[in-house]
Amino acid sequence: MDSTPHRKSDHIRIVLEEDVLGKGVSTGFERLMLEHCALPEVDLDGVDLGLNLWGKSLAYPWLISSMTGGTPEAKQINLFLAEVAQTLGIAMGLGSQRAAIENPDLAATYQVRSVAPDILLFANLGLVQLNYGYGLAEAQRAVAMIEADALILHLNPLQEAVQPDGDRRWSGLWPKLETLVQGLEVPVIVKEVGNGISGPVAKRLQECGVKAIDVAGAGGTSWSEVEAHRQTDRQAKEVAHNFADWGLPTALSLQQVVQNTEQIPIFASGGIRSGIDGAKAIALGATLVGSAAPVLAEATVNAQRVYDHYQARLRELKIAAFCCDAANLTQLAQVPLWDRQSGQRLTKP
Amino acid sequence: MDSTPHRKSDHIRIVLEEDVLGKGVSTGFERLMLEHCALPEVDLDGVDLGLNLWGKSLAYPWLISSMTGGTPEAKQINLFLAEVAQTLGIAMGLGSQRAAIENPDLAATYQVRSVAPDILLFANLGLVQLNYGYGLAEAQRAVAMIEADALILHLNPLQEAVQPDGDRRWSGLWPKLETLVQGLEVPVIVKEVGNGISGPVAKRLQECGVKAIDVAGAGGTSWSEVEAHRQTDRQAKEVAHNFADWGLPTALSLQQVVQNTEQIPIFASGGIRSGIDGAKAIALGATLVGSAAPVLAEATVNAQRVYDHYQARLRELKIAAFCCDAANLTQLAQVPLWDRQSGQRLTKP
Amino acid sequence: MDSTPHRKSDHIRIVLEEDVLGKGVSTGFERLMLEHCALPEVDLDGVDLGLNLWGKSLAYPWLISSMTGGTPEAKQINLFLAEVAQTLGIAMGLGSQRAAIENPDLAATYQVRSVAPDILLFANLGLVQLNYGYGLAEAQRAVAMIEADALILHLNPLQEAVQPDGDRRWSGLWPKLETLVQGLEVPVIVKEVGNGISGPVAKRLQECGVKAIDVAGAGGTSWSEVEAHRQTDRQAKEVAHNFADWGLPTALSLQQVVQNTEQIPIFASGGIRSGIDGAKAIALGATLVGSAAPVLAEATVNAQRVYDHYQARLRELKIAAFCCDAANLTQLAQVPLWDRQSGQRLTKP
Amino acid sequence: MDSTPHRKSDHIRIVLEEDVLGKGVSTGFERLMLEHCALPEVDLDGVDLGLNLWGKSLAYPWLISSMTGGTPEAKQINLFLAEVAQTLGIAMGLGSQRAAIENPDLAATYQVRSVAPDILLFANLGLVQLNYGYGLAEAQRAVAMIEADALILHLNPLQEAVQPDGDRRWSGLWPKLETLVQGLEVPVIVKEVGNGISGPVAKRLQECGVKAIDVAGAGGTSWSEVEAHRQTDRQAKEVAHNFADWGLPTALSLQQVVQNTEQIPIFASGGIRSGIDGAKAIALGATLVGSAAPVLAEATVNAQRVYDHYQARLRELKIAAFCCDAANLTQLAQVPLWDRQSGQRLTKP
């Protein structure tokens, strides 16, 4: 994730042009069914999926997941995304701000508060940078740079490992994370980038004081696939491709994280492709639902396209809630889920 | 379902021309096997699948499910269907009569008693209309209009929700339903239109005094798919298509409804494509088996084609019963079912 | 099965030219694995799969299943098959002898003792004929006609039912079967023809005194498919085709029959395509393994081709036994089986 | 395996040119997921997968599985493989040395110590040869010939059985194995060649004093498929092909062998195609992971290609360990595994 502007452009181009979905793995949402309620007690327009989080109010539990920054193109994308987030009342994360920490001239490519004064907005840095000289100061700068409400620290060990020149030093990060969490004025969120968070990691993140976890599981964008396309060396490409099915599927990761944490919000992302996937994630215990890759092509065009994209997802989410007789998020969280394969009702924690 | 004659024509045309089956979902009947009996104790001609329901006698437990009305074409279709229902001794439901309630000139397009004096015949209205000014009077008019033996109220929250101009007000319908059921002279049946009835909804419908439930589950005609084809707006189409796998599969819904109700007849429809599917539905506890879309193309031609279609289904049903050594519906209901996937015998309630 | 010579020729032609396998159903053997033994204690040539049955000794537990008779072509086929059965030391069943009972001139087309003096040979009649005037006398004539060691009575309710002019009277056969079994000098075997025998039917067959049961389950030749090809009427074709997945898969039927009978030999047929399938059947409890359709094309050419076919199957069976460290049938019957799907070892009765 | 140089060349050519993978069977590794750890406590470069075995130290738990010898081409292949094994610090097995036992002139085609002085090196003979005149003397000559650290005895009953002229005498090998194991100065390893070792065989091998077992399970190179391509007789080809799904899948065999032995090292081979497969095998209890066929094409070119191939696999293995937070083999062995199909965590012994 953390990268020079040049690398970041590569990522955008590859996600737009290549097939970077995981292979041989899926989110697991396709296996789940929400229990349809043929006679809801709520009006469609009475469904209110709004929530308050960290002092901000959201119209919908949706998050435009962290993607970009650092280049003129990225700036434009970020502005379109932010404008729509403001209009629709959803949250947004910026891409990794390392480029702008290294080169403050690039800060403007991340700044979106002018068009999105009210949204819940997340700064973003790679947690591994704490092993490469970063600390509280950089975290504070990242937050301040974009007037963020919280800071996301992303975990991408696989992506780093499949790059010959990736960041390889991951030991000793836990205590540094704990210190950072205690020092920073805003909540710290930890997320993966497409391989999921396991139960034990989630448990420990909560113990460290992390305020939310985004599972970012397998089944959507695969960063080993992205790197496979970016590498030029034949062996490096092959190694990366062989990880195409790596990681915990989003639905499984979400279930594990929910079962291993208490009361902190869990975000679900990774392969969320419709509002129906989103509704399933909420029924599994998610507080916010995030998606990234599917909107990227739209965000290279204009704000209207971005708006249409997310508005459709939110409409699906609302209809799904309505068809489950869920007037709000609390009720949606309680809707029974069925497993298509076994034909059994899921036992929820 | 409820719609102007124009919208109704659209539906017919789309069902005839487009692929409107649910995607990524199936009825679940394909997973079930009836236990073959190699040495039946009954003659094939001795199999009698007749039953009495609400004072009418049926030669077979089959229902031509509610489809149409309101246009000249629909009138012709209804007459062909009714003529065959009379000949074969099966039940029939008319399409939603809202058009004729609004415009009494259209009543004739639903009237089939002249050609089907003896059949069990069901009137049809959308339950949601009770929130749009309808009440006992309209229900009585619908029944009287076609000399119906019972009134079907259909539930189609998803279909309404995916239409930008669909009926969105669903709250408060339960008590209105209860009042209507108490006031109406004929039995009230409640059905879905392709997304199934869940256990809890079934339980509450029975508590309301509803006299029968038609599960109309997922795996056959998908009304979100139909609407996807009807919409012109790109986003609306996409939203509708994303619901293509929504709903409780017919076999699952049927099992849930049977387990959550007592003694009222349960009808099974939604993706029933052969008499063998029908036999499985009865072995799962259904009293009547309904199908709609597959006969539509035949019904635009002539009565003979309709007759051939249903006669083939009934022959399959009879042969299936015979090959399970079931001389009648009571025996067919007791035939063991096996799950192909697990290789285990199903435990029946 | 029972039919005029003309109908019988149709059957042969259709099985040779059309795809008459069941659809949407398989034997279930493909799901099972025999536990490979990497270090057998037996020499390959030391594997002896011979057995004695009803006074005849067989070199292998294989049965050329009942197929034909009644026409000049059938006579030739029968002679080729019998010659090979004699050479290889396996059992053979003739096709339904009804044609020759009606017209004694046709007896010669079934007579094979001249070329197969020592084999275990089975006569064949449809059990349903007991409802159409047949009795002990006809059974005795069928046995005598071909100097049979035992009489097979086949059950084909589905095949009869999908024929507009099929035999429809099946009631009252059980006591007639019991009487016949008691009166006949040779053992009576009851078999299906491709839809399997269920546990309850097997139990009752044994109680009637039947001496062996051939499950003839689903997953191989489907007689509703054969009839679908033979019918000319569009509806009749469609009805028959809709039964393409009907019946108990051979492996499931075999397990059920074994569990519901005691000590009588069970034969396994229906979709047995290799000696490995055969070995699995024996590990599930079968005494003999039968196959029919796959040899038919060879049997229209010459005895050598038939020989090559069965010799290959027997070689597979022997190698399979060897690779399971089974020196004989008793040991092969005890080899553990694994379910590919669940990854679990099968619990055997 | 044991064969004249001519037969050995055939094998190489067929493996290079034909599809010799098992059909209808897979290793089962594709069904398993390693539990991803999003925040490892180890540096990528801190992952040390080295081990000591029988006095030799390995940098990675990988084995270039036994393949060839006996021809000039084989000599070249062996030298390339050995050179890379030396460079990478992995183990290597030579192909069956029977050819060189029969004809000592061929010994040089197996000798690789000059280029691989430090590697863990395995001699190879077919265990069945103990029934064909071989004994302690031949075993000692095989070991001495290549200065091996241990002797592999391979079991290939199926491969022998599908060859019309294969070795058929397998009885009485157990006591001979026990004697050999006691007499030989170096450890004896027993392996299959692609059909797996069952629990009971593993248990008994350990009781015989065998020092390690290589499961060589199904899902990779199938030797019945190889022989099917080598045979010219139509029936022999067909018989061999029908065994294409024979054998215990590698993952299943590995689990069974681990559960049925104590403390001896278990090697996993058969269809291992990536370092990720290898990591899964270690998490299931394997000590070494072996692969053969995939490197063969590279080994006909030059050492660099062989190096690139194995280096990529080892990199994958290391990254997999890193992404599971496993700093060493002990930790990798404890990583939880999940079953994709059931969505459940595997219970490990």
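Every chain is named by a letter (A, B, C and D) in the order it is written, and numbering of its residues begins at 1.
We take it that a contact is a pair of C-beta atoms (placed from the backbone, for glycine too) under 8 Å apart; a residue touches a chain by one contact, two chains touch by 3 or more.
Given the structure is predicted, the values throughout are model-derived calculations rather than measurements.
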Same residues or different residues: which describes how subunit A and subunit B meet, taking over half shared numbers as same?
different
Could you work out the angle of the rotation that brings the CA atoms of subunit B onto the matching CA atoms of subunit C, rounded to the nearest 5 degrees?
90
From subunit C, which chain is the farthest off, judged by mean CA positions?
A
What whole-number Å value describes the gap between the mean CA coordinates of subunit A and subunit B?
43
Please work out the Cα centroid separation of subunit B and subunit D, and write it as a whole number of Å.
60
Check: subunit D positions touching at least 2 other chains come out as none
Full set of chain pairs in contact is A-B, A-D, B-C, C-D
Once bound in the complex, which stretches of subunit D touch subunit A?
30, 33-46, 274-276, 308, 311-312, 315-316, 319-320, 322-323, 338, 340-341, 343
Spell out the part of subunit D that touches subunit C in their complex, as residue ranges.
24-25, 28, 127, 155, 157-158, 160-162, 166, 168-174, 177, 190, 192, 195-198, 200-201, 204-205, 234-235, 238-239, 242-243, 245-248, 252
